[in-house]
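Paired with subunit B in one complex and with subunit C in the other, subunit A is shared by the two complexes that follow.
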Partner chain A sequence: MPRSPRHPTRQGQLTTMTLPGLRGWVIAALVVAGLTSCRRESKVDVATREKILLLGNGGEPKALDPHIVSSVGDSNILRATFEGLVTYHPENDMLHEPGVAERWEANADFSEWRFFLRKNAKWSNGDPVTAHDFVYSFNRILHPKMAGPYASMLYFLKNGEAFNKGKIEDFSLVGVKAINDFELLCTLESPAPYFPDVVKHTTWLPVHKATIEKFGAMTDSYTEWQKPGNQVSNGAFMLTEWRINDQIKVRRNPHYWDAANVKPNGINFYPIDNNFTEEKAFRNGLIHYTYTTPENLIEGYRNQENTPLRIETYNGSYFFRCNVTRPPTDNADFRRALAYAVNREIIVKYVTRGGQQPAYGFTPPSEGGYDPPNVISYDPDKAREYLKKAGYASGAEVPEFSIIINTSEAHKSIAVAIQDMWKKTLGIEKVKIENQEWKVFQQTVLDLKYDASRAGWIGDYVDPNTFLSMWTTGDSNNNTGWSNSDYDRLMKESALISETAKRYEKMAEAEAILLVQVPVLPLYWYTRVYLLHPDVKNWHPLLLDNHPYKHIDLKPAEEEAK
Partner chain B sequence: MPADSQTAPATIEKGTSLGRDAWFRLRKNHLAMASLWFFVVVVLLCFFLPLVPGIPDPNVTHPDLQSMAAFSKATSMEGQEVSYLLGSDHLGRDIFSRMLYGGRISLAVGFLATFVSLTIGVIYGAVSGFIGGRLDSVMMRIVDILYALPFMIIVIILTTYFGNQLWLLFVCIGAVEWLTMSRIVRGQVRSLKGQEFIEAARSLGLTNWRIIFRHLIPNTVGPVIIYTTLTVPAVMRLEAILSFLGLGVQPPDASWGSLIKEGADRMASDPGLLVYPAIIFGMTLFSLNFLGDGLRDALDPKSSKD
Partner chain C sequence: METLRYVVSRFLQSLFALLCIITITFFLARLAPGGPFLDEKAVPEHLIEQMKRNYGFDKPLPVQYGLYLGRLIQGDLGPSLGNKGFTVNEVIAEGFPVSFMLGISGLVIALLIGIPVGVFAAAKRNTMIDYGLMTLAMLGICLPTFVIAPLLGEIFALKLGWFDVALWEDSSAWVLGAVTLGLYYSAYIARLTRGSMLDVLSQDYIRTARAKGVAPIKVLFKHAFRGGITPVVAFLGPALAGLIGGSFVVESVFGLPGLGQHFIKAATNRDYWLINGTVTVFAVLILVMNFLVDILQGWLDPRTRTVK
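== the complex of A and B ==
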């Protein structure tokens, strides 16, 4: 009988005997806690002194292989350990920083790009980084056997798509060529004046051929090569420790060509998927930076003096994917009913509370001159009308379906609010909310085993193409089963136009189709809401939020004040 | 004959049953009685108060009326007048009504899972103890093995495999909690089976099943009742732990455990979200434990005199 106490409790005994003792202990504990917290320097102070950046990073990464990952948190880590041809500028998304390529030039119509690689770029084992490494990497991600979820980023290359889909088997027909060890020629499918922006992306990072092939074939994913100790990378940092659901440590890469100018000695990434836990970690001096901020604390932080809170425009869109391959979400009228029944003003004002903008289109408004068509609105009457058209006399007839979310209080609140809006305006009773852990969630969405799923898309470069190309038929980030030949045609036509205004017009036309068919329900346009420790210097607001870590400096804030 | 039957009862003192004796002893234990009444009131409130018109739906959101104070009244942007007895949460849902509905789930899990564990445990223990011999050792080794399995990991695996479903919670918890019960019943049965009334039953030619169900199990009822009252809070606490880990009930539904979790996350801005469910949950657990202690004293007076 382990759980039943041996002696009966007698009244009075408990109160008279234990309370004074208990009180004494509590006071003693508080005094001890108070003393220690005053005296001891926090983890952040130590890290600042040692120049180690401690970053909250959302969920546990799916992989640390640039050809497998597709989420923002994962690519944050890869941006520290690998370096592409061109890299991000610390202050301005529109500017380019030379990476492995020292300089680059394009032909007159921007369809052929030549990258001249620096001769001192090295892998973390000392091998030189050559143009052949890039050709090998592009071959790897585009290989049909690799099934890279983000391979479509390389469809910019001539025949890239055909090779990826298995229509041609010879990789030498794909538009990338190493002229010699230090000159890379990229021939594009269609003109792209913004190509240097594109190659900054994670998918264009090089991988080390000898390491990959030491642990498996070229196209094997999730092999041992991505483990600390095995991974050879060419970025400012290299992977030294990866403890699942605990932390990922990267430290200075001594062979990095610009090692002298790398400011931090290392970075620790913490996969904390509960934003409340993360905020507590920040408040207790455990991390320099939070990935997100709980919405109920935004107001409090905003009113603080010298607040660590940052709210910045972010190039991203928050939406629900609908699985169009199975009922009830296969019915376009039903999806329209769902889309028109959501009051987005309420969501951004009361649920997310971080200055987000309600989304009535898919592409965010910050895409340099692109004017997204706003088709969807909040219109309960229209929503009910569409529900009737979908064949349901009332919401009660709608069969049970579920919204899946990845584990996060913020996503849960949004899902619950929307579920209730559907109930109030349409009378839909049976909507389940299921939460899944981030890795599982990504797989479920990929396998189309859902009805509606929470999703966010962050632009990979500043151009509406990054938001719209994913909805073409069979794109590896489509994940809704949606396919529309007019949409595909318009997107293809837009790619061939080099004049920006005209290209945008075509894309707007395509986006209008997307919004009429609503395989996705746009909800709001992101803002970056995060907490940043004052010790962190050179951290500038960026539309894409891809901070090049080598420029970020750490100095104790108090010292500076003196 | 009529004359006999009239005179006989006058001379024989009327006996009291075991149950009545226990009830008298329990009544003298004020803490246990207070706990009993408290528990009955909580159960009645949770199961019947939501039927009263005017208690708001626990899942209706009014995002514009978020984090309202207790005893407040407001008009939502939809023009609906809403009054909050214990305030509202971050989506404008009524905390009081969420606690009532949450209590339904927590209590239902407590009762049903205990019932499952009671049924399995009593039968398993009685059979094992009565038959004895090799079967007894095999059955008890199985219990030992099951004891050694880490419960949390089993539940996590089951929930990821079958998805988060409420019935799974009942089954999982019930299937694990019967182990101790079966040991208690086995011990009782082993000491009872050597006694004369069992010999008598045997000599009358009763089947084993009949002896177990008619003669042995009724005699183990004291320890079983005591242990049951202590199992209910243990099970409720397990459910709370699971909900706290996000494996219990699914949103928007709530149990006390999940309410406490939500409250713990938001305690910096809305302490009420944590305080109210934690108080009611804590008091319910206390009352069940006190009641269990009181029942033990009442049903087994020998042990309380030690």
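== the complex of A and C ==
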């Protein structure tokens, strides 16, 4: 049964000032008077009873507009409030859940996809969600004036890139068409059997035309439409409150087509970017879930009975970029020496400590059944051999070079460990570790003004393509100066193959070149390490960590035990 | 007439200082490498160019500066680049009540602890009590807030359960934040009070009062206190501005949505307008506080009134 929507907070409460102070003072007075009493019911207990999920969510979102966000935390919120054609399955990333589209079909070579939209999908104001909404949204994110930072996700569409770059101005040439109100045709640049995976991504979410244009032009990227009270969305929840650095509340969307099966009544997202604070908030019973866990607390939690600690494989790769445009890292043999000299087991066991997997390839394993080719290993003898081949009789001859990292203790520890391994195995004495503030760091990498630089990459969907396409010549995420015509050719060829196994073969061939040339030194594959309250049910490990919130249930853990 | 001229000239000085601060901040922020539109996953060059156009960053810097001043005069601090959809005015308006409450409570705590401790220590000059209290105060100054704050949270929230350890809405964590700030400033105030009380207590009119047989407690509070408190009042101006301006550490440790976080985040995000906005607000706060303190001091200490 659909519960009638409750409005625990007024809509558009943005500027209303809450006064938690009063209670604080009362408690303070009680403390002073020595009258303080027994433990009260915790926030989490109350929230579980009211079926409100309380989630730590990293930092404050940059925006709540699917076409201008880029961070994981931002898309977590959008996943609650918007729904795309296809959505994430609660248990398995390989499976698809129908979203606005009831079903979909592809032509023989997977280059044309037809999505059949359900007729009962509604916006939170009651308007029907139609194929035209999707066309409008794809137009919006791809529009050059919109400057959506993540627009390249839609380059899958035929002419999507050309339109985004202003080479063609007629959007009707782009491969998306509303056949009628409830049928959407997507024509792709090249075959993509994994296209349903791609359209799950935040960038493919629809927006409500009338709402966007009520507050500005289609391509205005920072209007008031995103705010609670203004925002019209089509997901299981709708935005009811947004207070900067404080919290974001979403509550049931009464018009959602599947409202009857939405388990939580709402979600509060807390942008706590201090992970120690977040862990304390969890321990204090203020939140159900932490976004991260400080590395040095992992061990303590691991040893607890019925630990709330969760360690799960995550779709990401941690690596160093090498600048191949200047010495000493322009020498492939030298880069190989560096790659073979790193003992990755030590790094994951003693430095990162979060159950990460040592990476000997770039693409994480089990990426939709794809396994990265085995090329690199930890082999000190081989490393020394390559150093000789690179023209250095000993490590002492290697000129000074540096590893740059963005300022963070975690990155620093890893860099220090590697510096030490290079010294011990290869005898390289002059490796400097330079830390730079985040934006400076990004600029340095972009300008290729580094020797080796720390990097991480989280896949946008489950397919090796999301990890390998970035190493093609001139890709905006390449940033190593590396270019290999064979690699480019193999990647291009793989894009034209519709049979998955054959496509993977081609990509593995390409990845082998990448790993032989090592413009990047793979280090480890990510895990998600977080704390989850036992009241939270139906929360399964997911490779992409994109949990569809409507399935998540809240039940007091103790009650269940009885 | 003399007073009015003094007030007006002080006001103009403040205005000039403000303009300097705004100008320097504007250009310094732009000199920093990187930019607001860089992201971990690289944004294609053509899109960055368009974003710059969307925000008017493609115009020459002096033109942007002129436009900025024009908007500033109308009270418009511009859009936030790191919190899209919000104006800087809104971002500051949301953070201000939190910082104000933290700051004022912190100040009250600081005064309630600092002044009595200072006066008491002065009265018991060079005794064990004096040394003990001043050692504590020194400790309070030396122990950074990032040590005190988590400690208070660990003890009073997690161990004893008297307060919540974090968050703002429906949470009592801000009390611990206010106490952290209060303890820190109370140490300064105690030392300041003690020093100036000692100064005053050694003066002739106090000796006269004592000689007349006025009760020691009355000498302390009636005769010495008003003079002894003057430096504290002078200190209060910048202290209050600092307290209300927000504390990054306290806000971060207790997860409070005050202004302090914006100072740091605006800088790391290269959120140009928010950098300028927070600095401007903070500068105005300091200037206003100092202005008020000058006037208050004149009232407390007649000597400052006669000396021009």
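Convention: the second predicted complex is superposed on the first by the 349 of 562 C-alpha atoms of A that agree within 3 Å, B and C clash if a C-alpha of one lies under 4 Å from a C-alpha of the other, contacts with A are read in each partner's own complex, and residues count from 1 in each chain.
Definition applied: a residue touches a chain if its C-beta (ideal position, glycine included) is under 8 Å from a C-beta of that chain, and two chains touch if they have at least 3 such contacts.
Predicted, not measured: the structure shown is a model, and the values here were computed from it.
In the overlay built on the shared chain, the residue A:D65 is in contact with subunit C alone; subunit B does not reach it. In the overlay built on the shared chain, the residue A:T293 is in contact with neither subunit B nor subunit C. Contact with subunit B, but none with subunit C, is seen for A:Y350 once the two complexes are overlaid on the shared chain. In the superposed model, C is the one of subunit B and subunit C that contacts more residues of subunit A. After overlaying the two complexes on the shared chain, residue contacts for A:T425 are found with neither subunit B nor subunit C. When the two complexes are overlaid on their common chain A, residue A:W438 makes contact with subunit C while staying clear of subunit B. Of the two partner chains, subunit B and subunit C are each touched by A:F276. In the superposition on chain A, the residues of subunit A contacted by subunit B and by subunit C overlap at 274, 276, 440. Interface residues of subunit B facing subunit A in the complex, by the touch rule stated above, are 30-31, 59-61, 63-64, 66-67, 77-78, 90-92, 160, 163-164, 180, 184, 226-227, 230-231, 234, 246, 250-252, 262, 265-266, 268-270, 290, 292-294, 296-297, 304. The part of subunit A that touches subunit C in the complex is made up of residues 14-15, 17-18, 20-21, 23-25, 27-28, 31, 36, 39, 43, 60, 62-65, 68, 70, 144-152, 164-166, 221-227, 243-247, 270, 272-274, 276-278, 280-281, 283-284, 286, 437-444, 446, 456, 476-477, 479. Subunit A makes touch with subunit B in their complex at residues 1-5, 8-9, 11, 274, 276, 294-297, 300, 346-347, 349-351, 407, 409, 412-413, 415-417, 419-421, 423-424, 432-435, 440.
Residues 32-35, 37-48, 50-51, 54, 79, 82-86, 90-91, 93-95, 97, 101, 150, 153-154, 157-158, 161-172, 174-175, 251-258, 261-262, 265, 268-270 of subunit C touch subunit A in their complex.
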